[in-house]
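There are structures below to look over.
There are two complexes below, and they share chain A, which is joined by chain B in the first and by chain C in the second.
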Partner chain A sequence: MTSADSRRSRMLWLGGAALAVAVPLAVAGNRFAAFIVGIVFVHILWTAGMNLLYGYTGLVSMMTAGIAGIGAYVTTNLVMSHGWSFWLAMPVSAVGAAAVGVILGLPALRLRGFYFVLSSLVIQSAVTLVFVYFPQFTNGDTGITQIPHPRLWLPGEGAVELKGAAFEILLGLLAFAGVGIVHLIVRSRMGAFIMAIREDDLLAEELGIDVTRYKVLVFFIGSLLMGVGGAFYASYVGFISPRSFDVLVSLNIWLMVAFGGRGTILGPIIGCIILVPIPFVLQDLYMLKDIFYGLLIIVVTVAMPAGVYGTFLQRRRAREQAAVAALETSRRAAERIAAQ
Partner chain B sequence: MAMDPNLLVGISMVTTGLVLGAIFALTAAGVTIVYGCIWLPNAASGQLFLLAPLVLWSFTIGFGIEPVLAALLVLAAGLPLAYLVERLLIRRFYDVPDRNISYFVITLGITQILSGIFSLTWGRWSDQYNVPPLAAGVTFIGPFPLPTNRILALGCALTLLAALFLALRYHRFGRALRAVFQNREAAALRGVDVRRVYLGSFLLGTSVIFAGGLLYSMAYSFDLSVAWSMGIAAFAIMIVGGPGSVLGALVVGMLFGFVQAVVSVFASPTVATLSYLLAMLLILLLRPSGLFAR
Partner chain C sequence: MSELLLDARKVEKRFGGIRALRAVDVHQSPGETLGMIGPNGSGKTTFVNVVTGHLAIDAGSIHFAGGPIAGRAPHNITRAGLTRTYQAVRVFGRLTVRENLRTAALSAGDDSLETAEHGRELIRWLNLEQRLGAVAAGLTLFEQRRLELAMRLLLRPKLVMLDEPVGGLSAVEIGRMMALLAELKSRYSLFVIEHTMRVIRELADRVVVLVSGEKIADGRPDDILRDDRVIRHYLGGQRA
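Here is the complex of A and B:
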């Protein structure tokens, strides 16, 4: 990596952190817009986890929403029924969700391709049914309402409810941290290993990469991000039901990664920024969202497998190569002329 | 004549099991034929299963068309629809090695589109749908009264199953289909037009799913949640029976029908759905080729 590249990358990260703070402040006057921004941030965190699983390791997991739901329900129960502090309940339930994610991800060690996708979809459906059928923890289909916001202890002011722009800034920084963690992993040796697993896991095994270990690790980290996102989603929105974490939500998290550009850092963020606000903008016709998302799933699969950002990168690379080739041709031509 | 209530419950369990089993088997056969032939795991099978009776409901209740005619119209309208889907979305992947993942995702997209359409349209018109019966009245089998319509649905389902089974075994197209199941290249070398067989199997599979939905609506009233439970059941039957195995779909479909009938009496249908999911997961982990692997 050249120093110009690393300077650009540092600028991008600083810009990202600045945006995570600046955007919530900019829309703070408009609660509706601010809420959409907050939800986009939670989705960026979720898609960061999904990107690690699907984009970089090639595991098309369709149970991501279920894992997020486990984080959300456990946190909510610990806070509302057992009087735990959110700041204790959230990490505990996120680690719990990550552990469950590892266990439910075990089929991935045996099953390849379509069979793994199917098994994760089956697990997602079962998790949703469990949410519906243990109403003592989840209040069934009705869902849990009036989930309290977390409280903060400020010096001199005591316990203060976290709300307004401060909450959105926190979500923004979380999303930033989640994407940052995925970026660091991808840049490390582990990143090279998981991408080798994505390209061909049998070959990776032959080359001496401990495929089982890295798949388990990826499930743990990805599920941890999902669990944290779920815990914050519950307390931010104040309402959760089994529908908040069902099959379609998993499918849509997949769509945001695939539409933006799997296996790129910026792609899933772009996917979230474009797709998450749609149901809010549609207002009363929010059900149109399902039709629109469904059409996009088909369009992405059939026509744009690299996603918006991935396609942009491919085009730019092709342009650069063309420019280099053109330069080379003209240099040769000049040499020929000079030689004559 | 006083009848033992336990006996009545038992009889109703057996008939429900038969009717559900036959419909499950038929629908799963439609899914498994398409998977065996073109490697397309149809995640939208449940929504397609629901689409047919919803349209039938509109035709009969909304436009007052005769039930038999309306059912035939629905089946006829399904063919160009399936052809369009094959032409636009499915054909382009025929030579892609990992196409079953792409197909799975595409049909999940179709699932989301259809469920959005359903909740925007039929979901606003009614909660529960009752299609007018083809045959009214009650038939006594021995001392047991059964709705004639349900017996008719059972008869139709069993006839269709038998026809499907015989056609796959003896008809020219059925033999070509099974040849493609077993070995695409060898079949092509022996002069089978593989792409035509692909198209044919997709049209056949989709029509069979539509027929399953129509028969279900003859036997029972239904609501929009049927799509998810039926989709899960059809997939579970296909995986447990062995993807591509029509015999597996028949046997496991009948079995699951009885499971559903029994479980619905003692617990809720959701417990049945949960048990299908677990059965599917176990088979995936222990014996991915299914119980009736070809």
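Here is the complex of A and C:
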């Protein structure tokens, strides 16, 4: 990495952190817009986990919402039924969700491609059924309402409910941290290995990479991000039901990654920013909402198979390669002329 | 046994009713270049696959550098110092040459490709300097074969198993690859599967011949190529 790249990267990260704070403040006066921003931030955190699994490791897991749901339900139960502090319940349930994610991800060690997608769909459906059929923990189809916001202890003020712009800023910083974690992983030795696994896991193994270990690790980290996102989602929205974490939500999380650009840091963020607000903004046009959503996805996947940002990067790389090739051709021509 | 680099004894491999390897004994000493020849379907690649851990053996034993490796995961066998190339060249096609090499360097424990002990020397030797930014799938077959080789050599192997290293190359490229392999032979222990007899004759110190999963001959290349059974089963009645 050149010093210019490093400077640009630093500026991007500072800009990202500033946006995570500035955007909630900018829309603080409009609760509807602020709520959408909060939901976008939760989805950025979820897609960060999905991007690690699918974009960088090539594991198309369709049970991500189920894992987020485990984080949400366990946190809610610990807080509402056992009186735990949210700040203790959230990490405990996130780690629990990550452990479950690893166990449910075990088929990925044996199955590849379509077969793993299928198995993860079945697991997602089973997890949703667990949410429905264990009402003592989940209140079944009715769901759990009036989930309290977390409380923060402030000097002089005592315990204060986290709400409004402050909650959205926290979600923004959380999303920023999630993306940052994925970025750091991708830049590390582990990042090189998981991308090798995504490209050809047999060859990765042949090069001495412990494919099983890295897949398990990716499932743990990805599920941890899902679990944290689920815990915050429950407390931010104040209501959860099995439909909040069903297969359609998993599909949407995957879609946002694919739409924005899998295997890129910015792509899933772009996917969330474009796709998450659509159902909210078009809620009065409910007849057209799904048609518009579907058409947008079809147009992007046909015109830009690598996603919005992924295609932008691909085209830039192709231009750079063409420039290098042209330079090489002229160098060889100059050498030939000089030799004559 | 301890002096041998590779020691496979009575190795059996079955695919359903087919015996792909029939009590095959193969041994190789450090520094030796061992050739393996045989008709298509004779079990050569299957042998490499069982040695490198990609297939489990049904009977027999395999020792490498003094330790048993049968039943170990392929990545552990690679870390023990045994690496291989593939008949159909295998690189990360969508990654650049630099990214391919970096992955191998990192796997070998180096901090980066640039600081890899012999990374830069390898890149220069295999003439990949000008292609580092190119996507691997866009390389010529000869360049891909060199990249494949560079990735394996970055792992600092004790034994390199080459599965048809000149397969698909033009006559000129075969000549260039032969020069590379000849130099490689002076630095590494090689195990070479090849149909091109010139490669075997020039490179191998000793040759093992497999026919229908059975070892029918084992000896010096010149002796092997005069062996009546080898001529009858493999060379098709013509002396090489």
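A few remarks follow.
What we mean here is this: the second predicted complex is superposed on the first by the 299 of 340 C-alpha atoms of A that agree within 3 Å, B and C clash if a C-alpha of one lies under 4 Å from a C-alpha of the other, contacts with A are read in each partner's own complex, and residues count from 1 in each chain.
Methods note: contacts are C-beta pairs under 8 Å (C-beta built on N, C-alpha and C of every residue); 3 or more make two chains touch, one makes a residue touch a chain.
Small disclaimer: the values here were computed from a predicted structure and weren't measured.
Residue contacts after overlaying the shared chain place A:I181 against neither chain B nor chain C.
When the two complexes are overlaid on their common chain A, residue A:L25 makes contact with neither chain B nor chain C.
Of the two partner chains placed by superposition, only chain B is touched by A:M287; chain C is not. In the superposed model, A:Y115 lies in contact with chain B only, and not with chain C.
Residue contacts after overlaying the shared chain place A:M304 against neither chain B nor chain C.
Taking chain A as the reference chain, the count of touched residues is higher for B when chain B and chain C are set side by side. In the superposition on chain A, A:L129 makes contact with chain B only, not with chain C. Within the superposed three-chain model, A:V60 lies in touch with chain B and out of touch with chain C [touch as defined at top].
In the superposition on chain A, A:E328 makes contact with chain C only, while chain B stays out of contact range. Shared interface residues of chain A, touching chain B in one complex and chain C in the other, do not exist.
Within the complex, the chain B residues that touch chain A are 41, 43, 89, 92, 98, 100-102, 104-106, 108-117, 119-120, 228, 232, 235, 239, 270, 273-274, 277-278, 280-281, 284-285, 288.
For chain A in complex with chain B, the residues that touch the partner chain are 60, 107, 110-111, 113-115, 117-119, 121-123, 125-126, 129, 132-133, 248, 251, 254, 285, 287-291, 293-298, 301-302. For chain C in complex with chain A, the touching residues are 52, 54, 73-75, 78-79, 83-84, 90-95, 99, 102-104, 106-108, 130, 133-135, 151, 155.
Per the touch definition, chain A reaches chain C in the complex via residues 189, 192-193, 195-196, 199-200, 202-212, 320-321, 324, 328.
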